[in-house]
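Two complexes are shown next, each including chain A; its partner changes from chain B in the first to chain C in the second.
So, the complex of A and B:
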């Protein structure tokens, strides 16, 4: 699906340093990335490699220490509150820790209602809104009736993640950034959810960045894979080339560490 | 014949909620784990895996309540035993449990060695700190963990290291049976592998006799356990040897579960996974007939009313469906053909 026009979102030499002096930690180190419209990419790496940090920078939640972000061909400017709001109309996220992403004083219905309102559906009749919310929930194997009047903390981790994903079906953003979106969801529901998400992607031409340490998932969903080690992209390319013919030892190790079914899983390497 | 380390017969348990509602979380579950064997429990979120683990240890603290059935651990029948007595004489020694998310439950203000002192002193009042330290150091070294970990606070350890520490602590009192509840689901692939390696080592070195491993990650189960039991809505729907369960499932639910595995292997992209639409039933009012009927693509009118029991299919294999094995297999073959 890659178009050879200009990228939708790019990073050039992006670096993020936390702390200073002896505590200095370069979480993202001189990273380049091009994301084209309609493309699905994955950023894969072990814990602490900087995946969440780069995704927060792309979202505009963290400021890069150096480097530039380009959005639709121009240098991204989100210094004012209004410009940030404008930017977030295009890019939406599912966060790694679902518990941190909700206002605990808001009931679940209002989490979903907000999404409809954000997309200009404020004046729709109540029944229509309920229908839209029920549909969004059904895509992620949740029953809307069972959620109404509940608070987010009354849900299990897996249910929270599903709710985050249900929001995406209402928001239909241009770019979706999903940080470990299914880590707490069992394999069976995960399959349903990923298929629905891919369906939505084809329907509205959504561009997706998946952040994950699940290489199987990355291979299943993405066109292109970026492998991240200690803040750097050490290998990138089409999913087939990176996953089936990895060049870097780090990529090979990650692949080797995934539990296998069709071949022997070598436990001697850790 | 190897000894049976753990035997559970027709065990049913329930939660009684704040609103006095009954949640039938474990329904007539029977299982047996022999010495030297490991059993995996799989099934989607909320199907009762963790509840079963607590129930088969006799850990009945409210809101969890025992309803009926028998539990025999290493020859001792503990059915009806007071939970406080279970805690004193069974837990830790006969059977040890590593709860889901245990690694995040460690008190952040105490060093690892202090947890270990607590665990040992609860059972051995006269143990000295020096003895305990020596024992812990030896155990950690056997398990490939640096002894320095003992002097650290939980926050100073990475997720993978914390989880392996928790496992080491759980086998301090040399339990016969170890139950690990999702021990590696929150870890990256490399840390996960180290945890698995450690658990396998415990089995192979005979440090524990039997293991129950709970997870919804099937590829993981396949690489760790001898037998797999699939649960759905509080019941066993299928059980058998790992290999057959993964490559040759009989029950439509296990079939769906196995079909949803994602592994980074050629040919997987562009394949539609066999997702199972719908959600499991409400355990406050479980359906009268087959609990999976509502989501089953082979459902028949009688499924909704007939209480289906487990059918034996030879070699310790059993499944819960009114359709005979041959008929289900034919249906799968037809589906395969259509693809």
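So, the complex of A and C:
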């Protein structure tokens, strides 16, 4: 893994506060993060720890209350719509729930065509577009001929999530933010989707931020792990050091929560 | 989309409401093709002619007469002439003459007349009877005798040369004319109103105008409410605060009071049907705006909207293709309710005398207003207001029914 001296994306003191007064809620509290090109990092934490909030801030879907985000060394500027569009060519996301990720009124073709248009392929001939869409679908073991003119809700959850990966294949962003991409998927499809995701990463040299509550999954996919508790990163480091030698009690608790097939569950620690 | 429309037409409530509404709509469209009279033509001299077929007396005289010997004719003639008051007076006389009350049936004309002619005596002095009452009985007796006499009626005309009356025709009691041979007759299924206008023609024209007012008002209200709701909900922040401030202002002022004040300040001469529709539309968008706003707020953080943003779509594109289709069913239902409440608002305004000016077109509200001013409800002229009320009720009922039916299709939690 080639690690450059300059991080691709970094966050410095990022804080997000929802509400005010008595209902004030600090979802993300003074978070620092560095993401180098080619890395896979995981942000692990339980529900409500602020994982999704930090991911939306990194994506630019939410505005941070304070702190700075640097993209490719320069301070990120996404105030205008054109600049946002430019930023989103570099950073894309896969969301947790495939069933709510698609506009149910748009056909699958239009989801994929949007990606081609975004990569400047608006004026390509129709055949070329179909060829690109077929290539993307076959990359995730879907057949474009079977999907064309269908609506997303006619697919299964696993197929929809694979279509999401096909979308990323077409967009070829520098950074992918995968927000629990497998948590709504059955266990059999889960491994396939993770494999396809890792395959895609090797294919287009993508950097991935993986957000999950499953520390075992994080160990399986990532180089670096950030453990998040109540809006703060309590522990971070290489996957091996954090997971095999956890320092924080919170990390140990997360590790204990992972179900093990050959051991009896210790319910006293829960 | 096709699937949803199919489902809507499988809902019993919707189909029932829709058929009522479609029937009203078809009548409104096709009736003027068959009866092209202007709806405000004054036909009758006098107020509130009851429903029925009006046959020209003059033309009946010149039509061929046929002789029919019908048994019941005399009895029917008397029965129709003998009013309820007269029957009661006859009964009083008979009781005074000593007939037991149980044997007198004022509804049985034949028996009543037999008893009357057997017992009446103009010379007889009933104690306590005034002179006027005695004279009334004499007149009643003569009238009854006249009705029973077999004499023919005489038709006379003044001779223009001599100036003398000349008998030109006699009409026997057994003379009949065929209605189809009478040159002039007019069917007035709902009679005439206080100005002598045909109520059915007027009612159908009024329904058309009221529906138009409802549609214009409903579309204006829904468009304003939808636009403001979408902006407030999606853009949020200061825009939301500003729009909600105005919306709340409109919410706390009762809409109908606002409507009355605006209509009043426009003035009778300036108020056409269209103006009234616009005024109603401008005052009734508030609830649509609030409902759309809250729906949009719950939609704007959904993942499919985020994905659309990440795909580089503009705000306009996101609102039109990622938000609007999701609330379209709600907006259509709101539109239907706005239309029916627009029709009701016009009726309410017109009853108060603040509706459209009265010289151009009738509306359902104006018809009730006219009937009220001329006291149709006190005089018992039901045909002047009852059909109007039924029409208003049917329109709003059918629209609410369609709305409920659609609601059950779009909102699975409400299905039976």
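As a working rule, the second predicted complex is superposed on the first by the 231 of 270 C-alpha atoms of A that agree within 3 Å, B and C clash if a C-alpha of one lies under 4 Å from a C-alpha of the other, contacts with A are read in each partner's own complex, and residues count from 1 in each chain.
As a convention for this text, a contact is a pair of C-beta atoms (placed from the backbone, for glycine too) under 8 Å apart; a residue touches a chain by one contact, two chains touch by 3 or more.
Since this is a predicted model, take the numbers as computed values, not measurements.
Trainee: Putting chain B and chain C on the same copy of chain A, do they fit or clash?
Mentor: fit
Trainee: Where does A:115 make contact in the superposed view: on chain B (first), on chain C (second), on both, or on neither?
Mentor: Second partner only, chain C.
Trainee: With both structures placed on chain A, which of the two partners, chain B or chain C, ends up touching more residues of chain A?
Mentor: Result: the larger residue contact count on chain A belongs to B.
Trainee: For A:258, is the partner it touches chain B (first), chain C (second), both, or none of the two (neither)?
Mentor: So A:258 only meets chain B here.
Trainee: Name the contact category of A:192: first (chain B only), second (chain C only), both, or neither.
Mentor: first
Trainee: Which partner chains sit in contact with A:16 here, chain B, chain C, both or neither? Use first/second/both/neither.
Mentor: So A:16 meets neither chain B nor chain C here.
Trainee: Under the superposition described above, what is the C-alpha centre angle at chain A formed with chain B and chain C, rounded in steps of 10 degrees?
Mentor: 70
Trainee: Applying the touch criterion given at the start, work out whether A:51 contacts chain B, chain C, both or neither, answering first, second, both or neither.
Mentor: The answer is neither, since A:51 touches no partner chain.
Trainee: When the two structures are overlaid on chain A, which partner does A:95 contact: first (chain B), second (chain C), both, or neither?
Mentor: Touch status of A:95: second partner only.
Trainee: Quick one: classify A:201 as touching chain B (first), chain C (second), both or neither.
Mentor: Neither: A:201 stays clear of chain B and chain C.
Trainee: Determine the nearest approach in Å between the Cα atoms of chain B and those of chain C after overlaying the two structures.
Mentor: Between chain B and chain C, the minimum C-alpha distance equals 9 Å.
Trainee: Kindly list the residues of chain A that each of chain B and chain C touches, one partner per complex.
Mentor: Correct list for chain A: none, the interfaces share no residue.
Trainee: Spell out the residues on chain A that touch chain C in their complex, using ranges where they run on.
Mentor: Result: residues 56, 59, 61, 81, 84-85, 88-89, 92-93, 95-97, 100-106, 114-115, 118 of chain A touch chain C.
Trainee: Which of the residues in chain C end up touching chain A in this complex?
Mentor: Those in contact with chain A are residues 302-304, 306-315, 321-322, 325-326.
Trainee: In their shared complex, at which residues does chain A touch chain B?
Mentor: Chain A reaches chain B through residues 46-48, 141-143, 156, 158-159, 183-192, 194-195, 213-220, 239-240, 243-244, 253-255, 257-263, 265, 267, 269-270.
Trainee: Touching chain A in the complex: which residues of chain B?
Mentor: 43-46, 158-160, 185-194, 196-197, 200, 216-220, 222-223, 246, 256-257, 259-266, 268-269, 272-279
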